[in-house]
């Protein structure tokens, strides 16, 4: 991202200064786009390939809007339009894509490490839009941006991430980012949904949700994928809600100026109750808006743009 | 559309002046785009979401071309790319879309009233591209534009709408528009395909097609959806054609300067015979062309543009 | 393409001068796009319809990138978005598309002759992106461009086309082009994969691959579609590779400065071995890059552009 990085593969390789550089860039883009004209064509004449090998509407739309605001030429590949890869090795697909001379490739793929493999084999810059359970860096960045904007700081906070930790794309990236910035991260959820390995990542685990959220500054609820219920990670959606759903009652345990986050889409009445999702502490929809600014900053930096050349 | 309207949800809420304003705008856009360069980037830097929850190639393409001519940034959502809505309430989908800060949302949806629900819950302007059997206002507007252009007037005409009235998206919008402008509207078709409620809408019903078209200025044929035949609304396609198909013979019953319309796609030999569809009175393909001008005018007005600022 | 042609339907109707005009145009576009800004908006305000009635990722992406570099407005129709054509004759679909006033239609279709039928019935220019087994002219042009660039000439060469001749989209177009330019074309492959009719096209057939490639300047390997193996055109993929696969051993039979080509996607270890595909003589990935320049030149010429007005 800075001179050191040609790619955004994850949060793990970034240091504090680099993370702040992206957040500062996103802040400027948010201000630039606050008016009616949201066009800032710094990437005019640059080709971006959106290579979504897994379904994604939210992340993909957000990247695409960011790319259009930046004036880039865009080519979309979806999982269904996979004749490119049919009978072709992933390596050959990459080399073919490279021959089309994109400046940036945005990729979502089900395999952890696929973003790195892509970056190792292509001249273009790579933005990882989720590589299986490994990392989803732009989600963590937009979460951090939202926390910093709302709380006025991104350090010294108690941040609880709760629910389906095991199947979450974003928890690992969030843990890397939030601990690097000096926050206390507490994971909560049924033991069946918290993988043991994660305890090595400088976080606390507290399966009692009521204890976990005590005096929290930020609570990030994760989406329960209802189809997973069949696999019996927990007895029922009702019981899950009773034990781990964020309700108005539970909100009282948080700090007074705390915020509630969710990467969406939300399950009302499961991991989060409607009165909380729609309440004053919820910043869920601002996360969506901020995602566009974060992706503008990431793409701008990957294309060689400099933050101090952005003028208000 | 004017200062009074932020949305185009249907024809019913519009008055004569507003309808004429849109038609006049479309006329100017048609002239502006008559040359080789069809670009008129009045919506540059504005984001339009095309949210097609039902399949539509014709309407969707027409909107998309209009949007491109106007220079807008465009994001397409199709029914298949519904991970956005999967397990998510329509309300939450709308709020997520709103967070992406579109200026205009163009929506087709199978539920009547969905366009109003969207408009009530989003800051963006809404253009209804068909909400189930309720309204399809841009189709009625392009039909009206074509009639006015061809007949030199949009008042005092006898206009017959014939065929599958019951399953038609566009008949209600056309009835609202054409009666508001002071025309006589006659519906014709098998009684099984004419809902009783429609007689309240200031129209005549005449199931004898030969009587209905006597001295008509305009005949609008509606598409028979062949798969509906199983449901036995009429005995056979051949019999339907014999009783309600527009043939060269039947054309003689119309006024001398009459025109023949069809929203497409046509079923040759069912509701319309080839010699009529391809004949001198047919304006079917001009309807398609005019649809682009109408949609340019609608989007331009929704974005706050003023017709008198459009220069030739 | 020149004043004589409004369409590019195939290579067969072109003469040497016209072929060279396209190749020269592509050379200039390649140079123009060598820098970081690949935008050359000569087609701004022009609408291009991409009508892909058969799946194609590689050709379609290449056309789309070319169109974006040229600044055209683009509307994509895929086979799945076929509500346009559902229950509608191909003729009516074409007339509807024409009413949308595109400047150029790029079409892939499974029926030979469909591109000509389209061109005969539409005002727009037509670029054939493959009409069944008939022609695939832009592939032949990009192959010729690559040969001319690499070999320094496009005449007097011995060019072998090998493998699945029978099911190849591109062999016919390549034969027309390469023989017009005065090259010796030799076809090789199992007799079951070489249709008898092709011998009328001024080519030699040599089923012994080792003899065929003796002193060749260019070897073009064609993709074996593995699903075809069931139909028993050859005993096994292993045996095919032994008899017709391009291996490092076989490379020694070619001329010293020869090149190896493949339209992609490649089957490693079937028609081509990895050490050859990735070796110094392989120009496979340059073919992909050059495809974009060729399509820019074709679209530019179809839109009425003049090569001598392109400035470096």
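Each chain carries a letter (A, B and C) given by its place in the written order, and its residues are counted from 1.
We adopt the following convention: a residue touches a chain if its C-beta (ideal position, glycine included) is under 8 Å from a C-beta of that chain, and two chains touch if they have at least 3 such contacts.
It should be emphasised that the depicted structure is a prediction, and the values quoted were computed from it without experimental measurement.
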C-alpha-based rotation, subunit A on subunit B, 0 to 180 degrees, nearest 5: 120
Copies subunit B and subunit C touch via same or different residues, half shared test: different
Separation of mean Cα positions, subunit C and subunit B [Å, integer]: 41
Shared interface positions of subunit B, touching two or more other chains: none
Subunit A residues within the subunit C interface of the complex: 44-47, 73-75, 77, 81-84, 86-89, 92-93, 95-96, 98-101, 103
For the subunit A and subunit B complex, residues of the former touching the latter: 33, 36-39, 55-58, 61-62, 64-65, 68-69, 226, 264-268, 285-286, 288-289, 292
